[in-house]
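Just so it is clear, A, B, C and D label the chains in written order, and each chain counts residues from 1 on its own.
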């Protein structure tokens, strides 16, 4: 294992300390329990947004705390859901009297911990709604699974709900934006290499020198298929095809196209992927109204990418363009 | 070699096409010759900034084209300097009548090609000044070498000069800002893994599973020393020590601290590095006035990082805070 | 023969030791069908429980003690198992609130409450390849034994035997809950880590509870 | 015996063929002390030169032809070698502007101009471990031969011999210019790629110029 870390057990704390030192103007960081909170929280009268999950996906979620996006993030240990008391503490720290939205990725651990936290918060008189994001088409959604994993759509939901909350909309409407994003966004990812969790110290899965995994999860969960590595254009078809067919996205649709790097893949490759995605969609009459290209929801140092499409309407485009000032995503101010 | 690319010879073109599709509002891209130009170029009456170099360092330089930073970037083939006619074409495309500053990284190829381009541009009546950035303390600067390589300070120089140009300052003053940045910035990098150029298809250098290279160049040029991998805190000392001693940076100095990822290193690790850098500097009485943490000058998929320090004064801090709207760096608008 | 709060504390400490001993094994089981952290998660949590017990003045109230265990697990384990184990202990705490002694009937009620809680929280049923596959048969066997006139000690033994069989039964199952469900058919052939740690919990009960420190309990 | 523009074009084409043949070798030499692209760079450039020659109506003006070669190299090679080789040809072009025939004196003047240009551009001197170490001795040997009464053909031979010796001399040198200089002492023991390609250029001159297509020229 080669990483720029000290002891594996200190990774999350030290990362949070670094984040706090680097972005003191935007966020405050608590180390006990772990949480990243907007520097000016609570914002009175505004619906507050709380998300969280295991660490190892930076900048998500701590890097998305700030004006126009999250009010707080709760980082767990690497790839381990945060605990209810972290989430409760964050919920209390950011509640501005207008209620709190929990944006939860669909993993059993995340759901259970957020559920317990929401129950505790409600007992303390805080209005909490939770929306679960589940956009990964690599997983069959059925009664016989834990359902689709929450991946790239989470980033989009956090930005869009953040904008809705900043406009002063009530909790139910902000939660509706989140549900809408979840209903109209789909994702799929692929890996060229495995991630290595600091505590394990070795690759989570083994991939041959000429193999890739299509449909990988952001914790290195197995995908749909293991294949020989292929040109980027073919990989785009393997990812975007199932994504487009699932919703389905149709000719005439406008979309937000999000090409995400998994941590070990450089930007030059992401633009090559984006180029083909744009052509792939154009060939189906699907228009790219907005885009995001970069490493926003990572899986430690995994090489690979994911593609997320969100069906856009004028309202979502407007929310997307609204100002956002966070360590990881910033424009308009 | 595992990369998200198609044919090695198409990497640069396809990356540029992707960049153009993703950021149509900010930049225009020419494929013959390769150049990335501000969408609204030329800006009349404003000093124009042109930089460039081999590709493989994204977002530098194409991702730094836009309001408040570069007017044009000239991407060469991967790790190969651009040619004079690219640079000439870019210079002509962005000249707004107030002259053009060439920001050149100190590599023989870059210097020679920019020199020829400047001569040609001057023959066509365009006022051109060139400033060479040479900040890599890993290389001994002497009469017996090509001098220090231009690395992380280039990103800072492009931002700061871009802000000075946006204020309407004349060519000489904008060039002075660049010279000042070069005089007061120092960098050093390290690699955990080698990069792989698409055309070679195999690692540029071999590093053992337990080795790292201290003082690496952004094209995989050999460093000062090959060592056993060490904890992040020790690596920070190995990089920041020589950087601080070289200028030297002294107690009471305020600096801009830039922790840069080389392409294959995820953000979580960069924040761990940043944390220790901040402590390292604090221990020497050096204050971090501004910071930048992320992968801004990369070396394909190389894992590793570099540290750049720039001595700050109020003027530089003000220029740093000025709005910038580029694909790779954005704030204030 | 009844158990006191001190006996219950001994049970928790024994569980911590057992988890520490099997930490890597639990993580390996989770590596095969999950994300390789179950041993780490439970070990972190149970160490925190013991630290908490060490720091808390020993009281008589079994419910209070079980609540401390549950709250500590909830706030230190994370993942799926944190809320699930937390719920087991918190529900047992509610069922035993204010009690300073527990007999077989008391334990049967507590175990039923814990198992009901975990199912309410995680929505897993028998056969989903989760800790439920160890806990449900264990609680059922315990109640059956008590209702058939067995001592609490005998009931704990019966529960451990049933939990062990439940763990083994998870091997061929296809996971339908939790992270392992992403594997679909490929989850078959692997023993569930959460069921395994649950068996260890019941096994420690058989060694420590039932009114006396038993020896020669069922071995894994 | 003099060379016409057609002879000069043949020289350029021969150089392209030679570069293509030795492309990987040149890149390997560059891998050892540079960035592994010298063969790729020169190959890309010389292919473009030949394509340009194919597309341009053949004229009589040697200066114009050399200018085409130089401009094409400048605009297609990049790196350090693009401007340097470009300068060699552009300076030779200036020295031969309007000439439809070149004799020994004419070539000597052209080579001197080219070599001067490369040194003015790159600031390298003999011993810096660059193409200068092949080109300077080659031009000097050429002029010496012509001034000693040799034919242009003989002078080209002498130049190739000198260039070859110059290349070999780069092996023990410590680089002081270009990318190889970052290696310091570690650059010693490796042959310079740019000097090697320069030798190929002069070698092709010995085969193609001097008023006749020679055979049996010095081999690498």
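As a working rule, a contact is a pair of C-beta atoms (placed from the backbone, for glycine too) under 8 Å apart; a residue touches a chain by one contact, two chains touch by 3 or more.
From a predicted model like this one, the values you see are computed outputs, not experimental measurements.
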Leftover contact groups, counting everything except subunit B: A, C | D
Shortest path length from subunit C to subunit D (each step joins two touching chains): 3
Subunit A-subunit C separation of Cα centroids, rounded to whole Å: 33
Centre-of-Cα separation between subunit C and subunit B, whole angstrom: 56
Distance from the mean Cα position of subunit B to that of subunit A, given in whole angstrom: 29
Arrangement of touching chains [line / ring / star / complete / other]: line
Complete list of chain pairs which touch one another: A-B, A-C, B-D
Subunit D contact footprint on subunit B (complex, rising order): 33, 54, 76-77, 79-85, 107-109, 112-113, 115-116, 139-140, 143-146, 149, 197, 199-200, 204, 217, 219-222
Contacting residues of subunit B [partner subunit A, same complex]: 2-7, 11, 14-19, 21-22, 55-56, 58-59, 63, 192-193, 209, 212, 229, 231-233, 235, 263-276, 278, 288, 291, 293, 295, 298, 300-301, 303-305, 325, 328, 330-333
List of subunit D residues in touch with subunit B within their complex: 27, 31, 35-37, 40-41, 44, 74-84, 86, 121-122, 174, 176-179, 181-184, 186
